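Letters A, B, C and D name the chains as they come in the text, with residue numbers starting at 1 for each one.
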Amino acid sequence: MVAVIPAFRILSSGLTESSRLRWNLPLGSLFVQIDPISAVFLIPILGLSAVAAIYGAEYLSVHREKRNLGVPWFFYNLLVIGMMLVVVARNGVLFLVAWEIMSLASFFLVTFEYERQTVCQASYIYLFAMHIGTAFLIAFFILLGCRAGSLDFDKVPPMSSSLAGVLFLLAVVGFGTKAGFMPLHVWLPYAHPAAPSHVSAVMSGVMIKTGIYGLVRALTILGAPPAWWCWLLITIGAVSGILGVLFALAQHDLKRLLAYHSVENIGIITMGLGVGLLGVNMNSPTLAVLGFAGGLFHVVNHAVFKGLLFLGAGTVLRSTGTGHIDLLGGIIKRMPWTGFTFLIGSMAISGLPPLNGFVSEFLIYLGAFKAGLTGGPEAVISALIVIGGIALIGGLALACFTKAFGVVFLGVPRSSHAEQAQEGGWGMKSSLVILAALCILLGVLSPLVVKSAANVVSEITSLPLEEVRTELSTVSTVLTHVVVASLILLGAIVFSIIVRKRLLSGRCVRQAVTWDCGYAEPSSRMQYTATSFAQPLTDLFGLFLRTRKSISPPKGIFPGESTLDTETADICEKYVYQPAFKRISSALSRLRWLQHGRLQVYVLYIALTLWILLIWKLM
Amino acid sequence: MTIVLRLINPIFGLVAAPLLLGIINKTKAGFAGRTGQPLLQPYYDIWKLLHKGAVYSRSTSWVFVAGPLIGLGATVTAAALIPFGALPALVMFQGDFILLVYLFGLSRFFTVLCALDTGSSFEGMGASREVTFSALSEPAMLIGLAAVARHTSYISLSQMFLSTTSDSWLEWGPVSVLVGFALLIVLLAENCRIPVDDPNTHLELTMIHEVMVLDHGGPDFGFILYTAALKMWLLGQILVGIAVPVRSGNPWIDTSASLICMVLLAIVVGAIESSMARLKLLHVPQLLVGATTLSILALVLLPR
Amino acid sequence: MSFGTLLWIVLLLPLASSGICQLIRSPKKILSFVCIGVVCIGILEVVTAGLVFSRNTISSCGEWFYMDALSAYHLIVMALVFCMSSVYGKHYFDKEIRDGIFTIKIAKRYGSLWFASLATMTLVLVSNNLGIMWVGMETTTLVTAFLICIRKDKASIEGMWKYLIVCSVGIAFAFMGTLFVAASAYKLQGGFSGGIFWTQLRTVAGSLDPELMKIGFLFVFVGYGTKAGLSPMHTWLPDAHSQAPSPVSAIFSGFMLNAALYCIMRYTSLIRLVPGDINLSRDLFLVFGALSIVVAAAFILSQHDLKRLLAYHSVEHLGIIAIGMGMGPLGVFAALFHTLNHSICKSLGFFCAGRLGQIYGSHDMRGMTGALRLSPLWGGGLLGSLLALIGIAPFALFMSELLIVKAAIATNLIWVLVVFLAGSCIIFAAASKHALSVVYGTPPVLDSKPHRPSITDTSIVVLSLGVLLVLGLWMPNSLHEILSRAVNITEGMDVVTTVCVK
Amino acid sequence: MNTTADIVMIFLVLTNLMLLGSSRLGACIRTVAVQGILLGLLPLLVKNGSFLVHLIFLSAAIICLKGIVFPGLLMRTLRDMDAQHDVEPFVGYGMSLILAPLALVACMWFGSQLMLPVEIASSLVVPVAFFTITSGLFLIVSRKKALTQVLGYLVMENGIYVFGASIAARQPLLVELGILLDVFVAVFVMGIAIFHINREFEHTDVDRLNKLKG
């Protein structure tokens, strides 16, 4: 069952092979095709699914006696197949079916531990969000189909700008729900923590990327973009990025935190796409190439490091039994492998050189700066948004992951949970190590990787391949310099290590308690908690976060128990969706007097209906 | 030959960095009417520290040890990216300043982790302030550089500096002033100088950077001090590179001009430190956001 | 003529067996007899339908009995639903029998009425004379009324009474409509000898009196619409469905509503040929369909009784079918396809609901949790059927709704589309919330452990879900052919044009 | 002889008014019986009375069913139950009597709207038919006792029958038999149902059957 998935890897080598089978589905044809775009998304899907499967094999083993593990694995494979089908489908209906299979499979995986109340709620929200998204997609595809006469993607005629605009909006909402754009992201922080960790890794790592894929595909279908599309994408990206990382900063639960970071990274990717689209719109190939290459590269990178982080979090969760950050601490000594790999992942997601996260953000930056150089005022403004946005996101992400890693893995244990931590088995460790290695490799080999993106970008932007090649070669020379710099970094570090060894050789190196400014005995409860660590920033952006504090301050000369706890509800959920749903339901419940049990009135309805109709027709 | 030429600049930086601290201290002493410590005191300190033993907290892990080393490495690498006067940078490419900023980020990342590794509440406090302020100063710096890039129409530090000439100043004067101020604020914040932080306060509650390194000792602490000095020097280089349009063809004149400006900068910092009081911590974010606004203004004001 | 006799057999066999039921001595035997008999009749009916498809139409004893693709299609649906329900019913009543509620007296009544209702519904389908068709419909009401209150408690009697009165009134209106149509026929120059046979009316439809036909259609629509559970005439539906035993609810929801709708379709095919207000039927279908969807949404949103929930789902889906009927050939195609899917899916839903109700001792969803843990088969079946009902791919209902959306955009009826999508989203939210709360979570502690489901039960659930799945992914050519023929009949097209759904 | 037809029609209207006005269930049932007999006369009034045999047979059947059997059944049900008269209806008797003429006018207008091939020589046929239907509905809607509703339904069917007989008297037995059978079964079934209700609830107030709602 587990070994099945790597077997699929062969697929991702193919460049453009298509097959169109006759299929009697009403309004559908089984038309699949693998082109570079699909391949780019297919590779992470297969890779990450394989690694996560290796991990999951061990992760789920604790449930073995409790329930039948065939079911989750069945849905796991269904999920993988669904995702593959989504990226290779070239027919609207086939796409929708694959899309729903994917959503449904992941839904059932989320509900793996269905006895827990939180899981029920999460699964409900997830199902609902998916369905809303799908509704928009249905509208999108049917509208497309009615224009084209066929639902095959390659038969779409050029269309009027207004219609294209409508379609674009439909696509943004429909795919954005899956990808987790900021107003539509509500399901993520519920579904990801609820699912088993390897599943959340796959969901967050690759499944939400299918939303991005759909968007890219839609862009290729819809033809030349007007300027407002770019601005829309860039704005959405900036908003999702910044708010995503802010909410992540305010979380106490490790996996919830990671889920919000998915929103953030989707934001970065979207900004990349926006920049690329801007390039297409201003027909400056450099911009287009940088933007799209950056965006897609970030798709791959995010798959790698987010998968790594979720798996790491899973190991912590499984061995300590809690995901609450403030209950953990000091477990790097007990689980060194996990700790190290998680550190790599945190560095990558904070976009620190020389890891892969940096490279893709670097490309997007570069694009933005180029836009700032060349374009007119609106280009400058979008450049400003992107640069400022990513810079702020970078800073905040750094804060967030110093918090996550520092508080969870460093220091001394804050509770008995953290003390009982122990390292996972080989299956888990090996998958972590693989992903961590990938983080480093993708960073160091970035020049080569970027070169390979040529025909993807030309596919999306419909620029001539040669032009894209030349652009990419310049980019990759830049990246080689980056690599050189990181080599210097490595050298410097190694050098300083040697120096330190030399200096310390033969001198006394003692162990002592932490310098505690004269306190007698520092206990683990004196440590700085994650909440307080994030507090300056959460206060600074309190406007968006609306963190609810409940304080009972210490009173009296000999203060007794005093508590402070903070809880940050999702702003969109709390201030947009819940009121809306309340309003709808109250409006509809007005209709309920219709059925209040009086037979006579029921008969009256019929008579009245008839009379009304008769009068309507005879007048 | 060229590679040697390119190597001169970083090496020079590595050597001369602590001097700035010396100058600053001298200036402050001068303002205070003291003779003050000798100019080369920072070198002595570092030397002394390098030859001490070390004490490690029991709660720390290998991260605590790795921190200073990686910080030093990152900063040294950053030194390879910035030209000085006529001396070209060791490595130069499009968007090198992005790498620069993120290298600082890398070193900060590990400093903060070290602080958290000790498990001391004071160091955690310092760490949290550090990340807060840096998260705000990064946009200021990058947008400011974007403005410079726009009016020089280059996106590599070396080329930017080469093309900020006296007449470009005449053309973009106000913008460059805005950017200059923004960068100055960033410099002060990043190096924990007054008005953001007071390097020689002794109350842990008010410290930011100093408090994070309370537990380091011996060579590690030496590395940290040196890294701080180097960082000061590098940011100074950037500021000077943008602010000083001495571009006569003659390398000696240009380089010495920049050198003089560095000294001046140090003196200015010293002056600021001795003339201003430290801001309340709550006001620091406002200062940094102000810097960001300056940069944004600079970028938007640039006509095309 | 053999085929004619076949129709007679299909009609009389159920009557005969309903008589036989009175002679059997034990409830279990009766149930088995019902099961076997209905399956045999069902097979017979399917064979008949097959013959109809092969020979396009069958008629017998002059004009009185007549079948074409439309009625044959419905015949198949009916056979399917009845077979499923009877097989399910065989084990459903085990509990009642153990509790001594299901006495031999009741069992006899159940068996006879069951067969009788089968017979009457068949009569509706095979009769060519609109009057006889009406008689069939009316007797259906009266016969099934007593199936509702198999167990005589207050609630079920109340449900029965409401069902009886509301539907009878409605049916009376339908009869008025029939009379109007007859009148419009008698106004023809030279008179119109003979009864009101659908086939004959169809030939002369062009020259019928438009005014009378119009009024007649209004009456017929309201009348049969009451039986079909279109809002606002649906009021009897939740009461009757929730009170009836599950097999009965299944045939109500699974076929009786469709039978009523079938009658309306017959008239639609006439009214379309009548000169004058062509769009009359279209508008009626659209308005009432949309209304039903909205009302259903409103009631599903705040529903705590599982079977009432399913009943309102029927209102919704009949509404969907109705709006499909109002959207031109493609829409009608989708609507007919949806009829099949909905019948299968809804019957399954009622089966699972009934068994879970027996397990938990009530249908109040607030008390039902962890069904999946308690009884994987029925819990899973309920989850599956509800997911299918709220239109999740790759189940067949998703496909038919997709087709309806397509038809709506093709005929650009955007307002209907908006109502449909909005309503279905609300219903989705509400229904999935209920379904998940029932299926997941931790089960309460029950005094009695649920029995292991028998093999037949398992096969029912698995098969029906499987069929829905297959239909969702692959539509056999034959089905496509049948449906497009039926479409041609309802749309009043004489030349057979196959609907292109690609 | 259309005068006779008119007279019959007027009598029908009167019976309806009595039904709307009276509160005693027994009285209502007797009125319905009278109405049934009146209906029985209708087939004999058909223009150019061909098919005489058939028509006579028909009227005989109707008279004995609508005029004798059903009332008898209902009377028996009434005797089984304790309730003798319909206590406070939703719409008072006076009010009903005020509403009735309005309904009649509406029906007149409606009848004039549609050109029906009437075969009973009276311009009143169609309006009276509709009026009867309406008053039947009104009884169902506005009264509380289950029995009254059955009566209402019966009256409604009578109205339909008037309508049917008047426009389609010449056609084969089909429709009439349809009605007869239907009404027969209906009354029969409803009688049993009422019996059940009475036994379960110890009352037959329909408005107290309102447990199922929402």
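Quick note on the criterion: a contact is a pair of C-beta atoms (placed from the backbone, for glycine too) under 8 Å apart; a residue touches a chain by one contact, two chains touch by 3 or more.
Everything numeric in this text was worked out from a predicted model, so none of it was measured.
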item: Closest chain to global C-alpha mean, per-chain Cα centroids; value: A
item: Contact-richer chain pair [A-C vs C-D]; value: A-C
item: Rounded Å distance, subunit B centre to subunit D centre (Cα mean); value: 101
item: Between subunit C and subunit A, distance of the C-alpha-averaged centres to the nearest whole Å; value: 45
item: Mean-CA-position distance for subunit D and subunit C (Å); value: 31
item: Subunit A and subunit B, separation of their C-alpha mean positions in angstrom; value: 34
item: Residues of subunit A engaged with two or more neighbouring chains; value: 592, 595, 599, 603, 607, 614, 618
item: Residue list for subunit B, restricted to those that touch at least two other chains; value: none
item: Overlap residues in subunit D, where contacts from two or more other chains coincide; value: 137, 140, 149, 206, 209, 211-212, 214
item: In the complex, subunit C residues that touch subunit D; value: 129, 131-132, 134-135, 138-139, 142, 145-146, 149, 152-155, 157-162, 164-165, 168-169, 172, 175-176, 178-179, 182-183, 186-187, 194-196, 209, 211-212, 215, 238-239, 242-243, 299, 302-303, 308
item: In the complex, subunit B residues that touch subunit A; value: 50-61, 63, 68-70, 72-74, 76-77, 80-81, 90-96, 98-99, 101-103, 105-106, 108-109, 112-113, 115-125, 127-129, 131-132, 134-139, 141-143, 146, 149-150, 153, 155, 204, 214-215, 218-220, 223, 285, 292, 296, 299-300, 302, 304
item: Residue numbers on subunit C that touch subunit A, as the complex places them; value: 161-162, 165-166, 169-170, 173, 214-215, 218-219, 221-222, 226, 232-233, 235-236, 238, 277, 280, 284, 294-295, 297-299, 301-302, 337, 370, 372-373, 387, 390, 392-394, 398-400, 402-403, 405-406, 409-410, 421, 424-426, 428-429, 432-433, 436-437, 439-442, 472-477, 480, 501-502
item: Contact footprint of subunit C on subunit D as seen in their complex; value: 114-117, 133, 137, 140, 146, 149, 153, 156-157, 160, 163-164, 167-168, 170-172, 174-175, 178-179, 181-182, 185-186, 189-190, 193, 196-197, 200-201, 206, 209, 211-212, 214
item: Subunit A residues within the subunit C interface of the complex; value: 23-29, 93, 96-97, 99-101, 104, 111, 114-115, 117, 119-120, 123-124, 127-128, 131-132, 134-135, 138-139, 142-143, 145-146, 150, 581, 584-585, 588-592, 594-595, 599, 602-603, 605-607, 609-610, 613-614, 617-618
